[in-house]
């Protein structure tokens, strides 16, 4: 069953004010096009969960869409601070945001518990740190077995209302293959109630079925599918394009003031209809420079039995 | 160009902490250059893992972030973060971790969360990322940081990454593996004594004991056999400047 | 660093009397050649853990190598009973064996806890069943969070002394790629102290590095590597050969009596030096009939950046 | 050849329990044929998952076991068992599960572990495999079994797979999802009433109410509207005999 929509339709159908939202992707395959569409549609009161808020949440915060952030590392990767995030925390601009803070493993473990319908999962982090004191959701459980550990920390399941994830290719009904850095994308898709999948390319089901071990996201968890080439720009899609570092540096510059963020949003988000128009604003050189050389994986033989 | 910069000295000194065959969890920037330098000199069998889930990375160029595609292309394996943190880091399969942060204290506890009060911070820092896990689960951690009094308080404002919390014995009893091994600054090299307290182990040629003490927020013990850091060799500097960071992004 | 051995050398180096051993592979990629070498070398007192004991543990039990079995389904898949296993349990022939019993998810969860260095993991099985009453290792833990569940079962980590696993291809130092049904192979390799990896083919490191998302077992967990084509016969290797059902039916027949098992072991295990000699006893037709048609997966482009 | 065998009737009846669009956890043998029959008749969108981790299998021929390569070749996805059981089954993503076993009781509890005492069994059966999980986590379970008094005791010797343990309400309170939906035997179709007790819902043309009662270990309630099972159509029989089990491995 085809679940194809354009981004506007998918976001409109999937997102509501006040939801807990998870945009997946650890530095790789970040759903920027979806994030911009959320800004354009003007949602409010979102709880924005994500291990690495990255530029996309900084932009959502600057646009006023976000009331709370659940996260583990809030920085501009390889560049510096997330200035809009900091302004909201330190100066309540455009408004105050609440924070719920974990480490990376804590947050991805929460998604994994959510994906598996478990109330919690244990992990060997947080002991000796100040996290437990400041986050009531991280709790200590008695170890019921003999051994050196008397207690072990646990984190509760995270089941976002909506997850938006990217992959390189998928069928129209949403069976998706992704490669390169996987981050927490698959766990987010399984944990969420509603899933929007945005891909570089729609492919025939034969392509997916030829290599089932690479299908990390099955159609059964996906609600809407959007074909959106370059939908992760300025982050990257392994094998398709690299990270556009200029955009990360530009945001660092623009976001030094709240007004600067609004100018940027006016030009690159509110000022365009969709991702296609956004891409048309980039110079061809800039897109060409992001293209990697072709480098095929050695194929495998699944055998026909 | 000077024969070497402070950063280049920190890089070469950090590289010496790595042994051939070590598995190391690499951060971007300076630790990445230190690891690649070690791999191209005395530690060709160094295994580089990034918390993004790339195992045995062999980057063709300097990664822009810990999620750069060069870390996945040509890696030995790429796994989801549940596994890089669960099956590798938590399972004790990583020897060395590099940590950064805004503050490090007498016990080697690191703060990368907030300056000031947690609920009303003066400065909101990025937070743990994987640092809390790296500090808790590797066999030894190394920190590379500029040496200033603000960065070396007696106690950090927030323990993001536990060091020898309450001493080496207490750390062990808490079930934490390993612990801080060395802090490499622009003034010297600090290590941890039997009780888990930081002391000055070596001084860089450009610095003095008094300068180090002046930049540290508590009365720092100095090793009886405190040594002078060996300066970078021309070969090391050539590798850094020509191959590892040719644009001088991190080293100038 | 090459870890290549022949099977005799690898088993001799890795296995000791009295160990807990896990031969990985859920109906697929079962390490039969390794199991036969263990029988030939005459180990005793093994605790043989495996979700599906299958023919290989039935043969190890018939050979007297095993004192205890940790398992979740003891049958001849698609055929019927494991007769040697049942004879040991019901009639103590060749000697009594102890049983520690889980369901599939319970046992693979034990391996996952072991792989992650956790004392236990929770799962939503066993409630309402009679398992908890008969297996003291399955315990109930209080749920520290609000929600409909007050208690949840947990199972303890399983860290075998030695795991023996199969893959289609690997480097000489043990970075392995496998495809088709993965079962619990990867978790077993990560959970065990010592790992013997046996593969259909040794390949250059370039092959492995061309497709890192398929490398489920890294060299760092592997101690010994054995190149053993058809090392999973009569089970199968996806893309290489199918299951030899005749062998499953023959064992069902032969194992009706203890003497029958000994005859079979005399001919197919004790009577051959190694897997090569075992294969030479099969007819060419039989091997040819197991070959699937070639069916390559659609390649992916990792990109060269 | 007879127009249909007992097994063929059970297969066609079981197929009718499946709705188009259902996701089903398939076992080998008879359930596999029932699922494939449903897929080729009224439920083309049936999604077949095997506990070995194959998702959306599309087998070119009858699998020899739940780990047959035909289940992986041409599947939509293949995942490790931690995921097929965790992310799919435990997460509630599977509508229907098929179960087998040596005994089923009044509450739909199934035993596939031992006959007799657990520690000194008369017969040692294979054990749960994934049955305990399937019974606990799918939305409905279906059992296909010959109907004999030994197989239908009032209480099973060992609960491998929980049915309506202590009633429907109690099952829910224990946190168990779904529950037994139908038991299809060679004599009839049994279902479960509001309290969770098994009753006779339909009788096969070849059998009688008295025969069913005779082969059941407790006084079986019979539905007021007990019906006669519809016999297989010639099309269904042709599909089974020509396509799904041409060698008659499971159906003769």
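Labels A, B, C and D are assigned to the chains in the order they are written; within every chain, residues are numbered from 1.
The rule is simple: contacts are C-beta pairs under 8 Å (C-beta built on N, C-alpha and C of every residue); 3 or more make two chains touch, one makes a residue touch a chain.
Fair warning: this is a prediction, and the values are worked out from it, not measured in the lab.
Rounded to a whole number, the gap between the C-alpha centres of chain C and chain D is 28 angstrom.
If you average the CA atoms of chain B and of chain C, the two centres end up 40 Å from each other. Chain D has its Cα centroid 57 Å from the Cα centroid of chain B. Multi-chain contact residues of chain A (touching two or more other chains) are listed as 117-118, 123-124, 149, 179-180, 182, 210, 213, 238, 242, 292, 295, 302-305. For chain D, residues touching at least two other chains, in rising order: 54, 68-69, 72-73, 78, 86, 90. With chains as nodes and touching pairs as edges, the resulting graph is of another kind, matching none of line, ring, star or complete. You'll find the chains touch as A-B, A-C, A-D, B-C, C-D.
Considering their complex, residues 26-28, 51-52, 71-75, 77-78, 81-82, 85-86, 89-90, 101-106, 108-109, 112, 123-131, 134, 148-149, 179-184, 186-187, 236, 238, 242-243, 245, 248, 292, 295 of chain C touch chain D. Within the complex, the chain D residues that touch chain C are 28-29, 51-54, 63-69, 71-73, 78-82, 85-86, 89-90, 113, 118-119, 121-124, 126-133, 136-137, 158-162, 165, 171, 174-176. On chain C, the positions that touch chain B within their shared complex are 1, 115-118, 175, 190, 205, 208-210, 212-213, 215-216, 218-221, 302-305.
For chain B in complex with chain C, the touching residues are 23, 45, 47, 54-56, 58, 60-61, 68-70, 72-78, 86-87, 90-93.
If you check the complex, the residues on chain A that touch chain C are 117-124, 139, 141-145, 147, 149, 152, 154, 156, 168, 177, 179-180, 182, 206-207, 210-211, 213-214, 238-240, 242, 292-305.
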